[in-house]
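Mind having a look at this structure? Questions to follow.
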């Protein structure tokens, strides 16, 4: 029976100490539930809505932090890359390279990531149908690599809103690669003029359970010990203190679905 | 621990024998799983896409069939009404009156149904937000009735497509009434020019499980012994033979979620 | 060169004097521009969001008002009907029967309206594609009637929002009947929790001009001498004082497009 | 009275001779109508749906072609850039740098383009609301540059479809910069699995006229002498032979609207 993997961490690296603290706590919870854990954090938020927002420590410092966390906790590490030049240095540190949703059609970025031979996690663009991801996969596969994850993170639904289409998960699975559900970005209200409705975080457990019930290979969640203080994506990140409860239910549901 | 109820049956009454056969089999399956069962069928499909489609036996004959099935199987019965004049005769037979999604803002129909003192199941319009249903509820409550079910059945997403927004279920629940998920209409491709993609039915089990994982009070599904022969909604109805498997998983997930 | 017709009036009849005042002023403006004018008002808003909203004078009183206005001003009159029983009495007074958007798939209502031999103006449902209207047309045509108008009034776009798809106009025209653009309902924010953004009315002139540039047979607009006082749809109705300016531009654009 | 500008050319550079031929013909037509003309073509289609599609001549060869066309015809030239490193070499040749819609939130690309002091044309992402563009503008303005164009090119509407929201044009204009309407990408069916409906091109004249009627500062269209042979975006490009007719109407409408 295949377990879910968990990809989790703060949205952006906020300094080594805090990132380590978050990662350690997630690892403890995941270990107790025998859930394989991948630490996730960004070194650069290259597409923040506003020019005034914190972007992260940058490539060099960020990779150093990721490397230390990886060694300290002995966990695999995932980060997202935005430019072709970032692929090589990031590949020296991380285990999974992530293609951001807005960039999932940028051929050169996909090819560069694919050529590292690392796992490439392609986030499905907010403007794409699940079946469209077959073409993104083709780009990776054209390099000979077949180490691919496909992540659903919500689809554009009117202005400043996303919906999580649960049928997207089995439809993407038909392409032939493991499918991940990103439960925290799916509740984002993109660029909602600073006033992001605080109620959205409360939807994360519902969507995480729903995705597990549909059947997924991985769950992606951004978590923080204090989202109110978080330097990016606070309104949709999950409190560390709520993580165990969410994962217990997700895991129980996963067992039912995969036991058939 | 609260069980789910199941509202199920063929889309439209296709003759007493066949309807009874379907209802009997659903009842057997539901009984074996201790799931309370409500038989559902329409006497008139008043809003078929095409003028050439079968509409059903009509009010009088249809209510007679519903009454016989109710007595024969000792199950509560639900049907949908489209005009104010249908409310009274239908109320003499059925246990739950259903307001069709397209008609969920027709004040007089809501008021007439509410005044019967039966349970009123209001389907959420494909053009409505979950929170909009509070106003439909207000109309029913204005009569003094509080016997209300709210049903999610998909929201308009581009042309000829619906999405099932899983966050709609907890958001509608906040209005204060039990929430039902309609797993078969949520996979409909409305008016898709005769050529409804056959793959949609395959999405029903995924969405039924997802809704159970989110947390619902009832599951609505249209079922048929042979959907290929069905006189309405064939492409999205579930095969009777698949029902037990779906319900087993839905029930197991329901337990996990409600056990907390 | 075919002129546009104008269908305009207050959303709901608010009393004979006020309705006559509005109709007279619109007629003056339309006459000066040689635009054929049809007076529009509802006797009953049968699908108001809220149970507490004003619904209108009702069938009997409303039809009397419409008849008096028709005779007084010698203008054709349009009203919308919601139940089959309303069709016959309304048909004795009005020149055009309108099927509301939410009801555009209710077969019996379409058939009853069609059988009066009056022109039937079918509003396109917010949940329908332009090509779906062919099936609504088939229902009317099945009675032998071919006196049909098709009206675009916006399509569901996320929650509590509509978009006006300008390509819908030529696509509906391909069905073979004259096409009307409803410029005031297209800027509605349906059921936006009481707080409908006042800025929407400002979008009406833009959309009216755009539709004329695409090519339409009729323009539908709800107008009021003081929308702030209007008993329905105030936030999207056009000020009577702005009507002439809008129509002048619309007419000039119409000439360019139809002159080819 | 402000004239429209025209930004037009083939989607991708297909060789100097053909590009020059197209540009020459567009220039003739634009000159005859006194419409200021900017030649547009891409040197690299960096986000083609499929790995197997033609991408263009690349940066170096492409810029050479653009430079020759610019000198030969004495027209300003626009191209789109996808990576920060492309900005500087492109800036040496072109007059307007274009940010692709998918990349309109990539801060570094916006900043690099802004710092060249050239005009930056930001295409609105298919996943963005018109008012969201204020933040993209802020990024450019943070460099001191105020030479900005904002282009509407359709918004995600369900899967594999776009709608052109005409109210987006005045709403973007409120941000304070000239607004361009891209009439050919607005009729695209993104990634529609190879089978892009050929009818879409027929919608271009309707949308171009509608946008002019709303009021725009520029019209963007991809044109080709034989779209059936085009190496990219054939199904939505306009035939050179149809351009004059479209522009005449657009210009006549523009005069009416701006004459007020």
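First chain written, first letter: the chains are A, B, C and D, and each begins at residue 1.
Here, a contact is a pair of C-beta atoms (placed from the backbone, for glycine too) under 8 Å apart; a residue touches a chain by one contact, two chains touch by 3 or more.
From a predicted model like this one, the values you see are computed outputs, not experimental measurements.
The minimal number of chain-to-chain contact steps leading from subunit A to subunit C is 1. The interface in A-D, B-D or A-B that matches A-C, meaning over half of the contact pairs are the same by residue number, belongs to B-D.
In terms of their C-alpha centroids, the spacing between subunit B and subunit D amounts to 48 Å.
One finds 36 Å separating the Cα centroids of subunit C and subunit D. Taking each chain's centre as the average of its CA atoms, subunit B and subunit C sit 33 Å apart. In subunit C, the residues that touch at least two other chains are 155, 157, 159. On the side of subunit B, the complex with subunit D involves touching residues 157-159, 161.
Note for the complex: subunit A touches subunit B at residues 155, 157, 163-167, 169-170, 187, 202-203, 206-207, 209-215, 245, 249, 252-253, 256-257, 260.
Interface residues of subunit C facing subunit B in the complex, by the touch rule stated above, are 46-52, 55, 82-84, 102-103, 105-108, 125-129, 131-132, 135, 138-139, 142, 155-156, 159-160, 190-191, 193.
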